[in-house]
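We just call them A, B and C in the order they show up, numbering each chain from 1.
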Amino acid sequence: MRASWLIAILVLIAAIWPVATFSGYHLFQLTMVVVYAIAILGLAILTGINGQISLGHGAFYAIGAYTTAILMASWDVPYWVTLPVSAVVCAGVGFLVGLPALRLGGLYLALTTFALAVAIPQVLKHKAFETWTGGVQGLVIDKPEAPFDLPLTSDQWLYLFSLFVGVIMYALAVNLTQGRIGRAMRAVRDHAVAAEAMGINLAMLKTRTFAVSAMYTGVAGSLGAIAVAFVAPDSFSVFLSITFFVGLVAGGAASIGGTIIGAIFIEFVPNLADKVSKAAPGAVYGVILIVMMFLMPKGAGGFVADMWRKLVKAGGR
Amino acid sequence: MTALLDVKGLHAAYGETKVLHGLDFAVQQGGVTALLGANGAGKTTTLRAICGMVRTQGAIVLGGKHIEGMATEDIVRLGVAHVPDGRGTFMELTVEENMRLGAYTRPAREATADFDRMFGYFPRLKERFRQQAGTLSGGEQQMLAISRALLLRPKLLLLDEPSFGLAPLIVKEIFGIMRRIKDEEGVSILLVEQNATIALAFADHAYLLETGRIVISGPASDISKDESIRRSYLGY
Amino acid sequence: MEGFIHQVISGIATGGIYASVALALVMIYQATHHVNFAQGEMATFSTYITLTLINIGLPYWVAFLGAVAISFVIGVAIERLLMRPVANAPVLTSVGVFVGLLLIVNSVTGWMFDYTIKQFPSPFSGKPMLGGFLSGHELGSTGVTLAVLISVYLFFKHTRLGLAMRAAAFNPVSSRLVGVRVGWMLALGWGLAAAIGSVAGCMVAPIVFLDPNMMSGILLYAFAGALLGGIDSPLGAVLGGFMVGVIENLGGAYVVGTELKLTLALIIIISVLTLKPSGLMGRKVYSRV
């Protein structure tokens, strides 16, 4: 327990340090790592901890992004106020979408969410909402400046702001998953029947977990929209959802810390692979998925955790 | 008489749980061997072991050929028919399709001729020929299961509790037909039964299984006569 | 009224494509309880194979059948190499492998045949037929689709191999006990599904044009069709596919407009799961929580 706090603090220090040293673009990339980490964290709570599969979390990311963009562009709402709004909106949508599929097997949820991910760009493009969404063109929003005349560039401020939100989100997630509710979530994943016998209301727990998960990914979408300062339907294709899924698996589905590894992976690997060929990122993702499934069903995070445990054990002897 | 099936030092396990601890037994050519024992003794597991459906150690020799470690499909193709625990009916398919599957490893033309022989044993199946097998009664499903197994033209027939869940009258009828089948088809039988009376009356040799070990073996008639065995193991 | 009939008939024509892909999905689902998320991408790849064979000078139907055969072999190979090791794995693992397969097939397609949109020839004349209700291609492709569906039905119903494949799907343990090689039956099922997908791809490509993401929308309609008909009922899936085709066309023309057709598929999926999770013809779905 103490070791993991130490690691968390070290990670945080390592995370703040680039503000001074990194250039604008690299800082932006790190901001996106934080954003993706929060998005994947949402998925990890759902899939890793509660055992429900979503192939459509890109849709919640999109809804969060659009909520923020619309609030900012149409109503001049300050960027930081949009985050709680988008959290509420995404939790609600998640609750509604998950509801029908949750009572059925995991595969049905995967199917439904996959369908949601494929359909969402069409909805965002639709004429009926064009006045708010900007249709195919999307919306451009202003990049926030550092408040209180702090001597920071916009990129630096954005990074710190995302980091701040990220730390809160992670702290809440750790709190949630290590407490009574977290145990119930894991019980439902591992022994659904026994969990039900113990008095856990399966449907209720699963729908709520889904809502929380959608909320996390939605907030990530909001932060992402603020960071990119632009939203458009085609940035939220089904590939985004699959990317999150890849990040989740790469980081180790059930590991909270692994989500950061997953986020680093999906931010940097496509950039590197893209230099090889346009087809390479997809191929790399696909190969990674299959290899992870075959070799390390717990993912990189789980792998590291296992190694850590073995090291500790070896040291103790 | 020579042994059609000869088993030596058979161990079997489900994962970590060891269930059989070194069985030696044989089924004679043309004979009926009964395997008796209480619930959980490992009778079903023994039959599964012969068919390669569980992890085993030890020698299983069928007609001089070692079959341990072979795939179930290949063992079946050597002429081992297994009427499993719970009868193994293809519920969604028709009676006809179930029977066609029984003859799956043989040329279609031969099979159709064999169907009539099965109807000779079990006329009820002819009436139900086009019906979905899941709608058959328990007794009818047992008849179908035996026919399905015989359609393979097996050398060795493994029967797992054919009397299970059936009314005494039906059990009697089925065992009556089994006698005919044994003579007419020239098949050797390894019979697993809870109902010792009926099994010992049908078999010529019997083994008694207790928690994965053979505790008694001998001619069926001796065992059914032995008062003490009857009282301590067979419970009647 | 005439417009309405036109929409219904052309809905049936596209419905045939959905029905084929839905059937391919259901065949694999029945045998393995897995949903092949890569079914669409595999069909797209097959369509490119057809185009390649046409481009090297083969007559259309030779290329068509050649691609069907190659797809069959690829399907069998994928099952034996990739799917066999995860046959009994938890859902998350199998979904991971299927999505991985989707990504790989998609990338390989893009890498081998590039990402530009290509025209794909139709073997049928483009002239309107049946009093202008249908184009020659729609009529021809519906005919091909129906021929495929009927052959598949006859194969499963009236051949020994078809019976063994069904048996292996329903009850693998008993199938082994009658000597059916269950592993190979699953592989054949994959081959058949890939072959059917290949036909669907070739029939839809002249309408929607060929690019590596051609089938992603169609896969969604096929999901909707399979769920509507009952995901464990092949006949239901075919029926569901045709129904989704008609619903999509009518809905696109009169209700939601063509821009929201994909959303219609989503609505169908959610409605079926909410109102009648077993679909119209499927067995009851048990919660596997």
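To be clear about the criterion, contacts are C-beta pairs under 8 Å (C-beta built on N, C-alpha and C of every residue); 3 or more make two chains touch, one makes a residue touch a chain.
Quantities reported herein were computed from a predicted structural model and do not represent experimental measurements.
Student: Graph of touching chains, which shape: line, ring, star, complete, other?
Tutor: It is a line, because the chains touch in a row without closing up.
Student: Report back the single chain whose CA centre is most distant from the CA centre of chain A.
Tutor: B
Student: More C-beta contacts across B-C or across A-C?
Tutor: Here the pair linked by more C-beta pairs in contact is A-C.
Student: Counting only Cα atoms for the centres, state how far chain A is from chain B in Å.
Tutor: The answer is 57 Å.
Student: Return the distance between the CA-based centres of chain B and chain C, expressed in whole Å.
Tutor: 43
Student: What is the distance, in whole Å, between the centres of chain A and chain C, each centre taken as the mean of its C-alpha atoms?
Tutor: Computed from C-alpha means, the inter-chain centre distance equals 32 Å.
Student: Please output the residues of chain A touching chain C within their complex, sorted ascending.
Tutor: It is residues 47, 51, 53, 55, 97, 99-101, 103-108, 110-112, 114-116, 118-119, 122-123, 125-127, 188, 192-193, 196, 202, 238, 242, 245-246, 249, 253, 277-283, 285-290, 292-294, 297 of chain A that touch chain C.
Student: What does chain B use to touch chain C in their complex?
Tutor: 51, 53, 71-73, 76-77, 81-82, 84, 88-93, 97, 100-102, 104-105, 108, 148, 152
Student: Using the touch rule from the top, collect the residues of chain C that touch chain B in their complex.
Tutor: Interface residues on the chain C side: 160, 163-164, 166-167, 170-171, 173-182.
Student: For a test of understanding, state which residues of chain C touch chain A in their complex under the given definition.
Tutor: 33-35, 37, 82, 85-86, 89, 91-93, 95-97, 99-108, 110-111, 115, 216-217, 220, 223-224, 227, 257, 259-263, 265-266, 269-270, 273-274, 277, 285, 287-289
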